[in-house]
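Should a chain be cited, it is by its letter among A, B, C and D, assigned in written order, with residues numbered from 1 in that chain.
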Amino acid sequence: MEQFPILSVITYSPLVGAVVLFLWGNAPARAARWIALIASGVSFALSGAMLLAFDPNQASMQFTETFEWLPELGIAYRLGVDGISAPLVGLTTLLTLIAVIASWDPIRYRVREYYITLLLLATGMLGVFVSLDLFLFYIFWEIVLIPMALIIGIWGSANRVYAAVKFFLYTLAGSLLMLVGIVALYQEYFQQTGIRTLNVLELTQGNYSPTFQFWAFLAFFLAFAIKVPMWPFHTWLPDAHVEAPTAGSVILAGVLLKMGGYGFLRFNLPLFPEATQRWAPAIVVLSVIAILYGALMALVQQDFKKLVAYSSVSHMGFVTLGIFALNQQGLSGAMVVMLSHGFVTSALFLIVGVLYERAHTRELAAFGGLARNMPVFAAFFGFFALASLGLPGLSGFVGEFLALLGGFQSYRWAGVLGTTVVIFAAWYMLRVYQRVALVRAPGEPPDPDDPELRVSLAHEVPPVAGGGDVEHHTPDPRTFPDVTWREALTLTPLALLTLWVGVYPLPVLELIELSVRAILAAVTGENM
Amino acid sequence: MPLRLVAPEWSLLVPPLIVLGTIVLLLAIDAVSERTARRFALPLALAGQLLALGSLASIDWGQGATTFGVSYRADWFALVVSLIALVAGILSVLVSAGYTESGLEPGVGLAEYLALLLFSVLGTMVVGAAGDFLVLLLGLEMSAVAVYALTAFARRRLTSVEGALKYFLLGAFASAILIYGMAWIYGLTGSIKLSDIAYTLRTVVIPGQPVDPALLLALLLLAVGLGFKIAAVPFHMWTPDAYQGAPTPVSAYMSVVPKVAGFAAVARILVQGLQPLSDQWAGLLALLALVTMVYGNVVAIAQRDLKRMLGYSAIGHTGYMLAGLAAFTTGLAGDRSVGSVLFYLFAYTFMNIGAFGVIAWLQERGLGTTLDDVAGLAGRAPLAALTMAIFMLSLMGMPPLLGFYAKYYVILALIEAGQLWLAVAIVVMSAVSASFYLRVITQMYFQEPGGTWRPVRTPLLGLGLAVMAAATLALGLVSGPILELAQRWPAALT
Amino acid sequence: MERTVDWLVVIPLAPLLAAIANFLFGKWWIRDRAHWLAVPAVGFSFLASVAAAWTVLGHHQLLRQPLYTWISAGEFQVPVELVIDELTAIMLLVVTGVSFLVHVYSIGYMHHDPGYYRFFAWLPLFVFSMVMLVLASNFLVLFVFWEAVGLCSYLLIGFWFRRRSAAEAAKKAFVVNRIGDFGFALGIMLLFTKVGTLEYQAVFEAIPRLSSGTVTTIALLLFTGAIGKSAQLPLFVWLPDAMEGPTPVSALIHAATMVTAGIFMVARAHPIFLASPLALWIVAVIGALTSFVAATIATTQFDIKRVVAYSTVSQLGYMALALGVGAWIPAIFHLFTHAFFKALLFLGSGAVMHAMHDELDMRRMGGLKRWMPLTYWTLVIGAAANAGIAPLAGFWSKDEILVSAWVGGAPLLALLGLAAAFFTALYMFRAVFLTFHGQPRFDPHQLHPHDPPATMAVPLVVLAIGAATTGFLGVPPEAGWIHHALEPVFESAAHHEVTLSLTLGLAIASTLVAFAGLWIAYAAYVRGTLSPAAVAARLGPFYRLAANGWYFDFIYQRYVVRPLDAAATWLWRSVDVGIIDGAVNGSARIVASTAQLWRRLQTGLVANYALMIALGTVVLVGAYLVFGSTLFR
Amino acid sequence: MSELSATHFLLLSAALFIIGMVGVLTRRNVLVIFMCIELMLNAVNVSLIGFAWELHQLTGQVFALFVIAIAAAEAVVGLGIVMALTRRADTVDIDELRQLRE
């Protein structure tokens, strides 16, 4: 029976929007915004329907579509989702929609081109998550680079070109080796079975020699590690985030980083089980380093966006830690962290965007005491800050605890070291919250009945260069208006999801459970 | 005894004859009157080539029939080469449209220009169909000599002449070496017919046994001569100068068609004629491929003149294609080496002529050819910028553009041949190349426009660019049949 | 026996709903009507708790209400389930009861504050978290609300967020607590890895199967959490700063919620601790030291709230000591009584502040007795109870702790506790005398102190009664009502035979000590026969040590916080930007420079080009000669 | 005094070829360089004919004829270019032509 190709429709409806905008040469800005909204909205609605229709009680791929494409090379157009990719598809469509709304006012320059790029990006990301053919996957994987680089490079801030080029070249260099890996895998499988195919599900059936696995794993790993990004491949991230426009950061943090984690889950683990076992300890070490390192970096950043960027390095460390703990808790945890990071960090970037819209700077030193004149903003910010520092009852905790528990079970030291981050996370997050939302605006006299002297705790490290002189040429934070309804509109769904996943994560966990178990079975060899 | 004249199989010769006819017509109307020539030459050239293209269908290439003895072969290989040559010819004519309307000085016939261009196309087709050294050499020279002249076509610009002169001198020098190599092969095998050479060599060369040094010397001389034609390092030196010096449409043309001729010659000579020596030359090609792709891509980074940059990038691509040839293993059905190269040439035709085409388009509008001239193009002419971006990304090998498929098939060929290291080299070099292709995009999209801008209408050029952009975008997705066609080469060459 | 009921949920639900409502609609709609939601809600959950306690206490009953499964990942299952046993019941009474009074008190105290609605959003949230904490049926849910309590403390301590000091204090409280939670979390992970479940019952049954080393590790890790939450040495530093919050908050944190959580958790997990003597011993030592150190510090403070705060630390030390010597019931008993008199003390000093327009320094008070008699008397009762003057509440519970410490094999710690008792009496009455006796050290005409309004006065009185009487719940020692009530929970706990003589002996000793402290305070601050300054001078370094809180904050700041910041900055500037990113950009730069180098080959001279061709040929020939005719094959 | 053999032809042609090559590498006058190239081509012809003589075939000699024809064609185009050069910048010194470089 021929079923409705829902995945294709989800994936290409943004593309359709982009094409329409492209053909409509002189579309006015409003029209462009609305078309983008509709396109992403359709994609979002359908993905919601897909998630509802998804049957969590079967581990196999669902909503699959297959067309022969280059049969002579074993290349076919294969789509499908399982418990790993389905939630990520949902996340992608949601964040795309939010990005469209978030760009509504801030983007005033080349609006039409902007939305074309954004929609192309959406199609690329969705394609990455739904394609089950390595060739197709690689195509989408690379497609994502171009619009992202454009968004950073055209609509970014001061140092955007450097950031865009760095992002593009770094991630491209990472993924090119994967191409060799893919072809090598194809050839290896062909020599074993005489079948030419790039079908992931088929390729997982083959058993490859340890040496081959070792190298192929590395080829794939590099691409994904740079995307995640794992320490020490992370340095493109702060630059990219700082320069990207708000929506760009949202997509970058919310979805692009997940492509790395997804890659590990979908390819490295099932394809190269032995190699995974061999590499896991090393990768766990890197993950733990990333967790702590990211937190320490975030501790001393003066640029709000850089801080959030480093914090997401730390959070993605949980993902890799969970994945390569190679146990149920770890993998489930990694998945939940990916989702939660998608909600929380994206929201934090929106928060920064709200400030940037008003102050046109991201220097922390320029802000202070916002909670008085922007109470709603402060509430949202506080909420997401707490979520980001892993407060129980919010999505962050569920994932991080599971990931850490997984890590702890496999590698005690990793669990112990990783857990220390709860202290640092609280420290940097509350510190930045205090700097931005609490106390007083820079230059404002202290509260008359503030018993400064009674504070036994000596004050913060004074802001490093650049921080100090910002106040002069930036508007007084006391004059900022509170969040507009549109900004609130972008933040509220994320807040609700964060709360939901934190309080009642069961549906999500059930959604991913079987697929995760299947992957584990593939890695550890025992059947489920 | 009486002399019996054997008529050749004219039917096999239809496509080249049509091209030849077009050339004759062009020269004729030019002789008749300058004005009519100016009016009709361009349509005529296009029509002629299109006709030739269509006539390709009239021949059953499957049976690999030959005529003039075995000197002219109508096999799959010939088909693909003629196909690429004609397509490249048509696109080049389109690209030349603007230039021939404005750029040519009075007194220099447009007809001559097109005639020369078609001559070189004809030569390339002949190389593709050559069955012995003689025909092959004639074809090669035909395609080369015409381009020497074309390079110098902007006579008033010294750089044009300089480029032409360098190209010509070194070209002649290289041909001498090439012919010397041919002479030795002839002497050692007693034949200039590729098939006979292969046959004789099979008896001479025993795998594992040391080969007659004279044979090796001959092989080397051939390699040098051909290496020059395809601009392989270290025989590439003419390339950047010629590309930069020549009129842009000519650069566009010469960046592709002579290369096609060169690779066709390499395939005919090495793969078909010297196949028994494959153990000797495959490694050699691998070495050349490595050096070539590294040098071309690295040095391109240091360029600010787009035409020169594309010149070096062309060297880089030669490296990729050589790698594809180096993947030659058995010459049996599974062997993708030559097929991948043919497909690469096909893809390369669109993206490279396209890239030069955009530069020509810019020159029409009074801009120069440096990176600064494309600055802010996206704001000024979004479509042009988009087209250029497409070509750049395709040259970079970004999916889903044509260039990616080409690269993919080469890598596939290499890995199937077990030459992983070359595949790795290719992807590493792609990463390097990305940096300079990306710089063009950065200039176009991330910078503000500068320089003077003279809006003019160039319909044909625009059409050509549109076609090439569309092809670069879409052909990859349906690359199956083309690849399949290119993949029939073993039937022809072994 | 065990009963599943479906009404337990209202106990936490009521305050939660009130909190949500006030948070969402407080600013625009509810505003200063906020208490109409919060106070009844908490009162309601207090009544519900009474009902629950009624059914549980003395009936050997266990009420249970499963709610839903929270986390499920493989064999890791975490249901959310409300369970009430005797311990929980007692805790519920304390928490909701005292909280209710604090709520009522706050109506008057927080009146006119711009953040009124916010206050009445966070306060019930605090109650909710604490209630859930005690109702939890497994360690993870406990941990969740353990942290939630920390969050509420953050929100309330930093209530006046416009003050830097308040913001700092709030952050400090949260982060320091997090240090403890770090250990707690690890303990939970280890527990799960070893036992495979986190449900209290299952865990306790599994404990005997574990190696003593493991049990000790688990116990200590859990206790780390308690150290943070219950402000034990060395993590007590956040509690004094918590004074930055509004006074009712201090009362709530110190008496009813928050700090008691640690004690409760250890009592809850007593089977684990019982299985590890070493852990118990450490708990006891830390407890005793805390009680002593904090008491000495309190003696040197002039900020009235800080005195009380340090006294809390010290009292918590007593409880920890009790836990350490396995005297579970006395610990809970002291927690119970302490809740009353400590809340009383805070609300009382709150009233003083109220009257003195937020003056906190006792050196600028004095003679208040004549203007605010009610506050004075209630406070005296509270102080006496805290100082352990018979027959007030504090006396019974503290005395019982000392006894059990003595017989529990730690007479030295008992003596340390005794010393602490002396200081307790000293600082308590020092505070009382400085505040209420002698001549006013301020201008009575400027500010006219007066007793607080009814909403504040009533809670004072009620608490005073409680502080005076609750002690009798534990009479006779070892056999009082509370002992019988809690018996079933701590069946497994060891019982020491206590001779009457010992009890009496220690009782007399502690009373004497207390009176000694009282007398010195009297001599110093009322009669003036003994000058504190002189004493301070005589004690020299010891005095400075105490006055500076034994330099804990100083050490943390100098040797932990600053170095960490410096290290991070260094890591960022030199490693991240310098090395890692430097490598990335450096590789790019290398390629570029190579390009610049190689382009030179292109001289533009035909001769060189031809030469290159020739050389190329030669090189190839050479390659063949060297590598043989088949290179790369 | 030995019989005339292919070897002699080959040695002669090799010598000529090398001479021509060296000429191309060393001389700076465009025309001279061009002549040297012609010399190389003719050297090739010598060996072609030598081989043909050895193999008792016509092929080589025919080939030589064609090479001569090609050389002629090249000469035409080449001299055309040289003329254009002299008209544009009156020099035939190749080393002065280095606008295009690097």
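Simple rule for what comes next: contacts are C-beta pairs under 8 Å (C-beta built on N, C-alpha and C of every residue); 3 or more make two chains touch, one makes a residue touch a chain.
Model, not experiment: these values are computed from the prediction.
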| note | centroid check, CA-based, most central chain -> A
| If you average the CA atoms of chain B and of chain C, how many Å lie between those two points? | 79
| remark: When centres are defined as mean Cα positions, the distance from chain A to chain B in whole Å is 44
| If you average the CA atoms of chain A and of chain C, how many Å lie between those two points? | 36
| task | Determine the centre-to-centre distance between chain B and chain D, using the mean Cα coordinates as centres, and give it in whole Å. | result | 26
| remark: Multi-partner residues in chain D (2 or more other chains touched) are 24, 33, 94, 97-102
| Residues of chain A whose C-beta touches two or more other chains | 169
| Contacts with 2+ other chains: residues of chain B | 165-166, 169, 173, 177, 240-241, 302, 435
| What pattern do the touching chains form: line, ring, star, complete or other? | other
| request: Please give all chain pairs that are in touch with each other. | output: A-B, A-C, B-C, B-D, C-D
| said: Per the contact definition, I'd like the list of chain D residues that touch chain C in the complex. | reply: 21, 24-26, 28, 33, 94-95, 97-102
| If you look only at chain A, which of its residues touch chain C in the complex? | 166, 169-170, 232, 234-236, 293, 296-297, 299-301, 327-329, 332-333, 369, 371-372, 375, 386, 391-393, 397-398, 401-402, 404-405, 408-409, 415-416, 419-420, 422-423, 426-427, 430-431, 434, 437-440, 446-447, 449-452, 454-459, 461, 464, 503-506, 509-510, 513, 517
| Of chain B, residues touching chain A in the complex | 378, 382, 393, 398-400, 404, 408, 411-412, 415-416, 420, 423-424, 427-428, 430-431, 434-435, 438, 442, 445-446, 479-480, 483-484, 487
| field | chain B-facing residues of chain C, complex | value | 588, 591-592, 594-596, 598-599, 601-602, 604, 606, 608-610, 612-613, 615-617, 619-621, 623-624, 629-633
| query | What residues of chain C sit close enough to touch chain A in their complex? | reply | 27, 68-76, 140, 143-145, 147-148, 151, 154, 158, 160-172, 174-175, 178-179, 181-182, 185-186, 189-190, 192-193, 237, 240-241, 243-244, 303, 358, 360, 549, 553, 557, 561-562, 564-565, 567-569, 571-572, 576, 580-581, 584, 588
